[in-house]
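As written, the chain order gives the labels A, B, C and D, with residue 1 at the start of each chain.
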């Protein structure tokens, strides 16, 4: 099947992207697959200046899921542009930069810095990181904040498509998506992690130094599907589905409820070549289901 | 780019060691183009299903045409489930990963193992050009017959210390102190639980010995991507222990370690 | 260990309760264990009139979890009081009635009907059922609604302790808990299910006739722990922990983050005697940890 | 209160049936005080871990001192995982649950099985006081040797219909029509997929035959507590198919079924 998809200013050779924070800067995966095979890759959240992130331990395994509180450790936008971006096959595969900042102006500065970089296909705005105490959670929650951040990024992003990544830790995700749309977002992505916690009954201590962290993996797929379904039917923007995708079937489930593309996150830890394999597996499953294109399948859930 | 790939391998044998707390897991030869003692693999049995998502980091004890041998302690749910593997069962596996222990042909080398930390030294001893220069000291809380020591038959000396009570700990630290002092002109290599490594480091610094330790941090990816396994280096930066380690020179690590 | 716990006007022989909707009316479990062994049992959500609930299919299995959209099928309060309550060993085990209604006045009527029933130990107010379209979700979300419902129940409940059960599908669960406290709640319980969805890529249809349903089971335990921890440290009310509890360790995790008691829900489907076994297993684990009482352990998480 | 308890049982044997799509699973004798054909058990292998939470409802094919026999089709993840059970593995099991098929000693009785729906008729045939009164018609889409029919050796007649293409369906329905007509004075009992049961019901009503069907709904508890398995009865009430069924008289079910 022709796997190409185009939406919101992005053209991808297939709908398989990797999720921010689970695929490093992409280069780490070169021994495990051909990056050119992916529809795109979203790099670890980047901030203006390098960040050290949270203290250890930062990760914990949970039933069919995991918690993380990495705290946005990253090398900063300058080093990313200088050392990482040139080594990525951005002519063949969309390189999407995930932006992290603590204020709307910083988001704008980040966007401005990347707007002129030929190798960057789109910007993904992380308004929903629940790991960081300075205000990540607040950003994800208040529609007014989401709108302000989106506007700031959009104003500086030049012709780069702007993806706003939404948090599921809200009463009304459609209101959050609408705020992003009002702010000028081209695309929505959902979901980021659910806020969760794990503790050790023997040590009487949290399993994460940060106490709370973000829950991801197959455990949260039902929540992700619900959010994407709600967004896709309520809003005119294209949506990238994220949350617990580990198989071709999972990916098609998101497309069925209305997603234009998907991101593979935690499943990369099951084995580092998960995303690469998924491209072939989706192709095979589409064949089995006799699909002609994603167009006809997307959002075709019968209710 | 070095070609590593993630492989599906079959289990050849699983042998419980005496006491049932530890076992030897032998897999089909993965055909690594090369590997070095101290490096590890990420291993994820198919039987983990979707319940346990992460692979487990396990040191390469030995690897040749007769297979990949891992020496594993039942530490929790994953290593417990792994203990139920049977010949023919499949695991996903990637590696060899990370840094390795230094070999200095002519230097007397002290191998300090805390329990299952002995695993990487099996390969180290087997591949060392002058095994007579090696001295292994194994501190153990499980009975000694839970540890297969025949791989160390050819080395200079094998010494063991059975720590049964908390009181024994002082005696063990005293013994470590003495041995490290004796190898201050050589190499001190250590693998085991973090408190043990901290002690070794302190003693190595006290006696001015060159020292490497192999860290055990929780790992999700094993390849530097998730930033879940970081440790603070001497410059104060948080670096991935899966790619910049697991074996570090102690002087490259921050005091906090 | 002495397993007794007392809080908010409830005295239980141990902290193990069963969660509403997963334990029927209790009687179904008599072949599988001695109901008197439990600290208490919470019966299926009861409304003023019998309800038929949602169409089929109503349940779906997900990784380490399940979705349900039962839609509050129940026999109504009159038949419950006449046919079920007298057959339960309420003198030995706390029987807690879970109340479901679509308006504050109805909640008040339900409470009034049960206030005089000697066999009822407490009332649990389900302001958080996400399954029902008429307004269940809205109740769970808006603090003002929670407060109004709590007041209505409290006004009519006589001396029965009132437990308000909170939904995790909100931006700020502490605000929801505070609203319940302001409304006069004696106890909080958390969490109810997360709103989720599952679809069949071959049939192109939702796996639940209701499309969305409530996610429960071990998959959501990290979210439940986080919510209980947030509530217990922010508010003076005792909290009953719910969400993914399947082992003694799970139960102690909730107590460690501040819960006074726990409810076992989905784990009852792993085997029908789960809750009964948990009583012994918690006792054994407390022994292993050398606990003298729950008092000293509760909320003792070191941060 | 009837004492049922949830038991841990060990697997005695797992035998793949020809074609590998179905298998016979034999467990240790649970020692049921009594059971009736048509009743089922909820079975949950320990190996489901926390990934798959629910037990699976499976009909009792046979149960005596030599063990509990289940005949299972690989239908999805659970029955797939169950197919990997080996002797000695443990399962949690509760039952016998639900209603059973009526026995009418003197009446000619037609047993209509759709595929694996033949399972409960094994016990039915074995326990019937006058097996010569029984006529089994098995419709199958898998090759016939996937079905062990020797348990039916002693009954009046065994007839099979191999449905290979969609076109065969019409012929099968015609055959069903003919057989049901022939048993209109007797009993018609059916087990299989829901569309098959609907057809049988329609034919039974057409010919005025007394008819029972065994429903297959998703079940979480199997004991009437979760309300996940309900079906509409003739009065329009939603009743649990695990306790009020799985075997229903067709006239007790709503038209929608």
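Keep in mind that, in the parts below, a contact is a pair of C-beta atoms (placed from the backbone, for glycine too) under 8 Å apart; a residue touches a chain by one contact, two chains touch by 3 or more.
For reference, the UniProt names are A, C = Dihydroorotate dehydrogenase; B, D = Dihydroorotate dehydrogenase, electron transfer subunit.
Keep in mind that what you see is a predicted model, and the values were worked out from it rather than measured.
Student: Average the CA atoms of each chain to get its centre, and name the chain whose centre is farthest from that of chain A.
Tutor: D
Student: Which whole number of Å gives the spacing of the CA centres of chain C and chain D?
Tutor: 35
Student: In whole angstrom, how far does the Cα centroid of chain B sit from the Cα centroid of chain C?
Tutor: It comes to 46 Å between the two C-alpha centres.
Student: At what distance in angstrom does the C-alpha mean of chain D lie from that of chain B?
Tutor: 53
Student: Can you tell me which residues of chain C touch two or more of the remaining chains?
Tutor: Residues 63-65, 218.
Student: Two or more other chains touching the same residue: where does that happen in chain B?
Tutor: 50-51
Student: May I ask you to sort the chain touch graph into line, ring, star, complete or other?
Tutor: Basically all the chains touch each other, so complete.
Student: Which part of chain B faces chain C closely enough to touch in the complex?
Tutor: These residues of chain B touch chain C: 50-51.
Student: Which of the residues in chain A come into contact with chain B in the complex?
Tutor: So the residues of chain A touching chain B come out as 21-24, 28-32, 44, 52-53, 56-61, 63-66, 68, 70, 73, 217-218, 246, 266-273.
Student: Under the stated contact criterion, what part of chain C meets chain A in this complex?
Tutor: Touching chain A from chain C are residues 62-65, 67, 141, 169-172, 194-199, 201-202, 204-206, 211-212, 215, 218-223, 225-226, 229, 244, 249, 252-253, 256-257, 285, 289, 297, 300-303.
Student: Hey, which residues of chain A end up touching chain D in the complex?
Tutor: Chain A residues touching chain D: 63-64.
Student: Name, in rising order, each residue of chain B that touches chain D in their complex.
Tutor: 47, 49-51, 81
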